[in-house]
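Alright, structures below, take your time with them.
Two complexes, one shared chain (chain A), two partners (chain B, chain C).
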Partner chain A sequence: MKSLNVFPIVRKEFRQIKRDKRILGVLLFIPALMLFMFGYALNFDVKHTRLAVYDEEKSRTSREFTQLFFISEYFDYIYTLQSKSEINNLLDGEHVRAVLIIPSTFSKDLQKGNSTSIQVIVDGANSSTAATVLGYINSIIQQYSLKVMSQSFMRLGRQQLTLPIDFQPRIWYNPELKSAKFLVPGLIAFILMITTVISTTLSVVRERELGTMEQIMVSPIKPIELILGKTIPYIIISLFATVMILVLGYILFDISIKGSVLLLSLVTLFFLVGGLGMGLFISTLVETQQLAFMVAIIVSMLPTFVLSGFVFPIRNMPLIIQGVTYILPARYFLVTLRSIILKGVGLSAFWDQAIVLFVYAVIMISISSIRMRKILK
Partner chain B sequence: MIFSKNRIQKHETTYSSDSYAVIAEGLTKRFGHFTAVDNISFKVKKGEVFGFLGPNGAGKSTTIRMLCGLLSPTSGQATVGGYDIAKEPEAVKERIGYMSQRFSLYEDLTVEQNIDFYGGVYGLEGQRMEDRKYWAIEMAGLKGKEKTLSHALSGGWRQRLALGCSILHEPPILFLDEPTGGVDPVSRRNFWDLIYDLSNRGVTVFVTTHYMDEAEHCNTIGLIYSGKLIAAGSPTELKHNLDKYSVFEVVCTNPVDAMEHLRQQVWTAETSIFGSAFHVSTLNVPEVHMKIQKTLEKENIVTSRIQKIIPSLEDVFIHLIAEEDERSNGKAIHL
Partner chain C sequence: MKTIAHIIRKEFIQLLQDKKMLRLSIFAPVVQLIILGYAASFDVSNIPMIVCDFDRSPASRELIRSFSCTEYFTVVKYCESTSEINSQLDDGKASVALVIPNDFEKDLGIGKATPLQFIADGTETSSASIGLNYAFIIVSRYSQKIVLESLIKRGSTLMPARISTEFRVWYNPELKSRNFMVPGVLGLLLMVMTMVLTSLAIVKEKELGTLEQIIVTPIRPTQLIIGKLAPFFLIGIIDVLLVVFFASLIFNLPLKGSEVLLLSLCLIFLMTTLGLGLFISTISRTQQQAMMTAIFFFMLPMIFFSGFVFPIENMPKIIQYISYFLPLRYFFVVVRGIFLKGIGIEILWTQALAMFVFGITILSLSILRFHKRLG
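Coming up: the complex of A and B.
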């Protein structure tokens, strides 16, 4: 069999990319920009919540209690209220996120061994932040309760109170619980999905629009040669973008690849080929660059952002939506990426995901080849 | 022009089937209910310039696209260079060059890069690639502009570069789909010189056009109208269609009324406007020249010239199209 004639198309594609700085910009600058944006701006850690205190008692005990909030980095002291009527203003104007109200009987109740109640008003407009804030407040109050209980036990002359369960948390893979560590692998999937699908779709549709595709079609070039010639340049650029994200991730967020680089490259290649196949497939369905761009964005960017588990955990989604996520290649790629980069685990931990990615790549390339052959006829 | 017309009369002997570059038999293409090409058959001799002539939408491009393997025919068959377009499209593709009105060049690549690409696609390598690149740049007159973006070239240059790119692999058969559309007259002439040059070297050229003057320069013309091939032959042969008529050119004060009055005469076949004058074809009745003059005088139309002329191809086509319309309308009524 004659060897495949792919080089002229690859060379032409690279020459065009080199000429059109916009494509190169999209392929290289956007990933870097997104890494900055997502790494720094998209932060799920809730720290420095603005907190106001309305202390009706103003005793030593109540002050000691409120101090507990401000020694942690989770809360910032903003204001001490003089009357209850100020609460509305503070929350409405978003001057504070939460108000802590200590009753006038706080220390007396505690001394008598009665239970007392602390009221907390939280701005629930951002539900996930509010839930996290409530969690922090709750744990501080629990700690304080325990302290009060053990003190009263000792006063009653009993031996020191020991808790039946000693809680010893160890957080694996991302011990500091940094959001960036969780996001960077997802970002790789997100960016690769965009670059592969959009760039291949546009590069094919542009040729159809210009009429150069027709000129290629009357030549003896085979569909497989055209497909390879069209995809190889974008595989190379996308791999380059991946390496760039990993290097930037290491420099900026101290994220190193814990697992095998070889395995990482392999699954990335599967994912890339799948994305390119999808891009080619779209390009056989639409006629204009404008439409191609829109379809490519809708098919690649949105679901990958929302449904792949990149930002929002899949297990929190309604069951039907969870079902939908199974058709997204990014879902599987994300699991593999996090396994390799953050956990450093071997193939045994994610072989099933890798197989899905491989099958997906094969299916996409087959469908697009069939479609290509059809439009080349 | 550099070419000489005397070479046009060279094909008068009988031919065996392998002396044809293209043979189409009952070629038909339907898009849904619309029949773009309706059962057409023709033969193109090796080395000739075959002109496919017809109004826009007549089916010229559809036919050429079927012959190049860009469209598959609904029915019928065709061979190009001896290979069946449906069964051996790959063999066909290696033997043809194709260029359309859109001059499919990459505008963001330079002259040289465009040649590199198309040469590469056709599998040219090494010395042959270098030779052909040199040839194409010379041919298109683009020496010294190798590094210019094709986007920056004027229409005529782009057209010649596109032609060069489509024949880098030296195909024996060249398909040109309205190659001179949107190009200035001087460039058109230069382009036809290139076509004759190729034809002289034995390349078969199949060209579609709607320019009558271009059609006059073809060895053989096929006239396609509403998807049907309504006439084929050399320009001289086609003009014999008008042997039973005389064609006069009339210059007068009110040509529109004059045509209307002449059309009512039994001996008038057709009238058609040609610039400020008009042509009238009449049956060969005695003293028809005088009859025209008298008809117009009666209507107070002042004629400055009535002259018997040799019919042009345009006269022939207007005649043939009118006949075809009559035939299909007649059919419709009888149905």
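Coming up: the complex of A and C.
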């Protein structure tokens, strides 16, 4: 039985990659650079929100109350409004995100023991920021409300009020709620998915467009040899990029691998081969490089960004879309990455994900070989 | 002038011949709009909650109910021991856990502070912080209610003062992520469809050597460029119309502001993306190079640093400065402003000006470079 003759093609591909310094540089170092930039820049923290206050009363109590907002790190810019008509312009021009309106009877009501109402207007255009800001404002007001309650309690001549419930929130896995810990595993999956698909997606179609495919057709190369020969160099390159990403994640973002490194490497290998196989498959499917690019973006970049759970929780999506997410390899890879890196759990928690990734890689390589056979004929 | 018309005609014939490409340029925006509109959501609702109720009293059940009756939390499991919380959170089956201690009701009755544990999975930071906030508010309200009830029970007629809050959310009253994301998709699509495809189309001629054939004809480089850009300009306009149409058809997202203003600002934005595409083509030899340069050095930074998903004001200062050089940044303010707020040119003129200046600069720079390379 003749063994597969892959080596010459691997060597040829390597030579070709080496010749284009820019592409080699991009594939080797850009993934790490992207992790560095995005990891630092992207976060969901809502801090230093600009807030305007319209204080109809201007009393000591109302000033004390507004002060509470600015001693927290969440709000830091204060616009004191002179009239209500300014609100429109401030919100329209995005000068402030929220406006607090304190009624003219604020301190009087509180003294008399009446209930008083504070109006809060929030710019809801960015819904997630708005929800967070609403939450902050609400909890500051709640705290103040409890304080007022216990003060008026004492004034009523009772013993000091102890709050009936001592609320003890705890956050697991990521106690400081650093977005980086959530985003970096997602970024790794996203970056690797794009790099792998993109590195092979032009490989076959390029040879067809430039006419070099005919030369291959007349040679005795088997389709599977050609596919493997075009994949292996990129596996090596993307493994290198992965190692750099993980090291950088450890150095910069303190993302250490809590679980098994061996398992992580194995699952990563499956994922890389799957991505490269997908790129190859696209490449065998279309006739022009432009089209290959479009298809690659549509099937890899956007879905990985939106549907893999990288940024948007899959749980919140409509059921049909949730179904769609199951065909994305990044979804499985992300679960595995987060389990290994953040939670440090073992194979038992994600073996099913690993199997899916393995099957995915096998399918991608096989269907590209089948398509390749058609092209070569 | 006549030459330009001929070149444009030739480019259009070429474009129409590539049926697959044409279909994809119409089909892709719609599919992407639908997926992004439905899936790109930060709405925090139905956070899966696991409850460890050691008290099993009316008071503890009421507290649980005050969690589960909101849309924010859904109780997925009641458990007997705290060790179960571990495994449920590890597997990601629940995201938050509530632990009610043994003497919850008794302690409430005698006015002793009773500890209530609330555990949140911090891996999804934004859901976790919003969830914690809601939990805090729910518990505070419950606390206040208990105090008031005990006052009434003791026959007090004087009530302590309370503050109520009246929230108004402007522009997007239901706080739907969709209303924020869908206008953004327009910017994303225009960038993907026009910037990269333009650069690939020009580099392709270089790669195949047909550019040299054109150079020896009396066609001037500027005419050639206009001819090359025209089809993608048209594709851009079609994409704008498609997105606006489907945004209102599928997602019920009305256009609050002026259609004319939106379209004219889209045209200015197209100038910047086409200019960038041309620029990329002048710095690339092969389509592969052009694609990688476009994706890694232009598209990804623009997607992440322009405020499509991640607010710019939370980014480090240096990235904020970089973002001023990204035309998409201005375009997002424009589309969201017109779609959601209905604001006009009197507020948006700074954004329009920034895009215009960027567009003119990048176009002239690329045309100069194009001339130099041909010369």
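Operating definition for what follows: the second predicted complex is superposed on the first by the 351 of 377 C-alpha atoms of A that agree within 3 Å, B and C clash if a C-alpha of one lies under 4 Å from a C-alpha of the other, contacts with A are read in each partner's own complex, and residues count from 1 in each chain.
Following the convention adopted for this analysis, a contact is a pair of C-beta atoms (placed from the backbone, for glycine too) under 8 Å apart; a residue touches a chain by one contact, two chains touch by 3 or more.
Here the structure is a predicted model, which is why all the values come from computation and not from measurement.
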First (chain B), second (chain C), both or neither touched by A:L210: both
Residues of chain A touched, compared between chain B and chain C (which is higher): C
Partner chain(s) touched by A:R15 [first = chain B, second = chain C, both, neither]: first
Partner chain in contact with A:I221 - chain B first, chain C second, else both or neither: first
Touching partner for A:V46 - first (chain B), second (chain C), both, neither: second
Contacts on chain A seen with chain B and repeated with chain C across the two complexes: 20, 210
Parts of chain A lying in touch with chain B, wherever the complex brings them together: 5, 7-9, 11-12, 15-16, 19-20, 210-212, 214-221, 377
Touching residues (chain side chain B, partner chain A) in the complex: 68-70, 72, 90, 93-94, 96, 98, 100, 102, 104-109, 113, 116-123, 165-166
Touch list for chain A against partner chain C, complex: 20, 22-23, 26, 30, 34, 37-38, 40-48, 91-94, 109-132, 134-139, 141-146, 148-150, 152-153, 156, 161-179, 181-182, 194, 198, 202, 206, 209-210, 286-291, 293-295, 297-298, 301-303, 305-307, 311-313, 315-318, 320-321, 324, 335, 338, 342-343, 345, 349
Chain C residues within the chain A interface of the complex: 18, 20-21, 24-25, 28, 31-32, 35-36, 38-46, 48, 89-92, 107-108, 111-130, 132-137, 139-144, 146-147, 156, 158-173, 175-177, 179-180, 192, 196-197, 200-201, 204, 207-208, 286-289, 291-293, 295-296, 300-301, 303-305, 309-311, 313-316, 319, 333, 336-337, 340-341, 343, 347
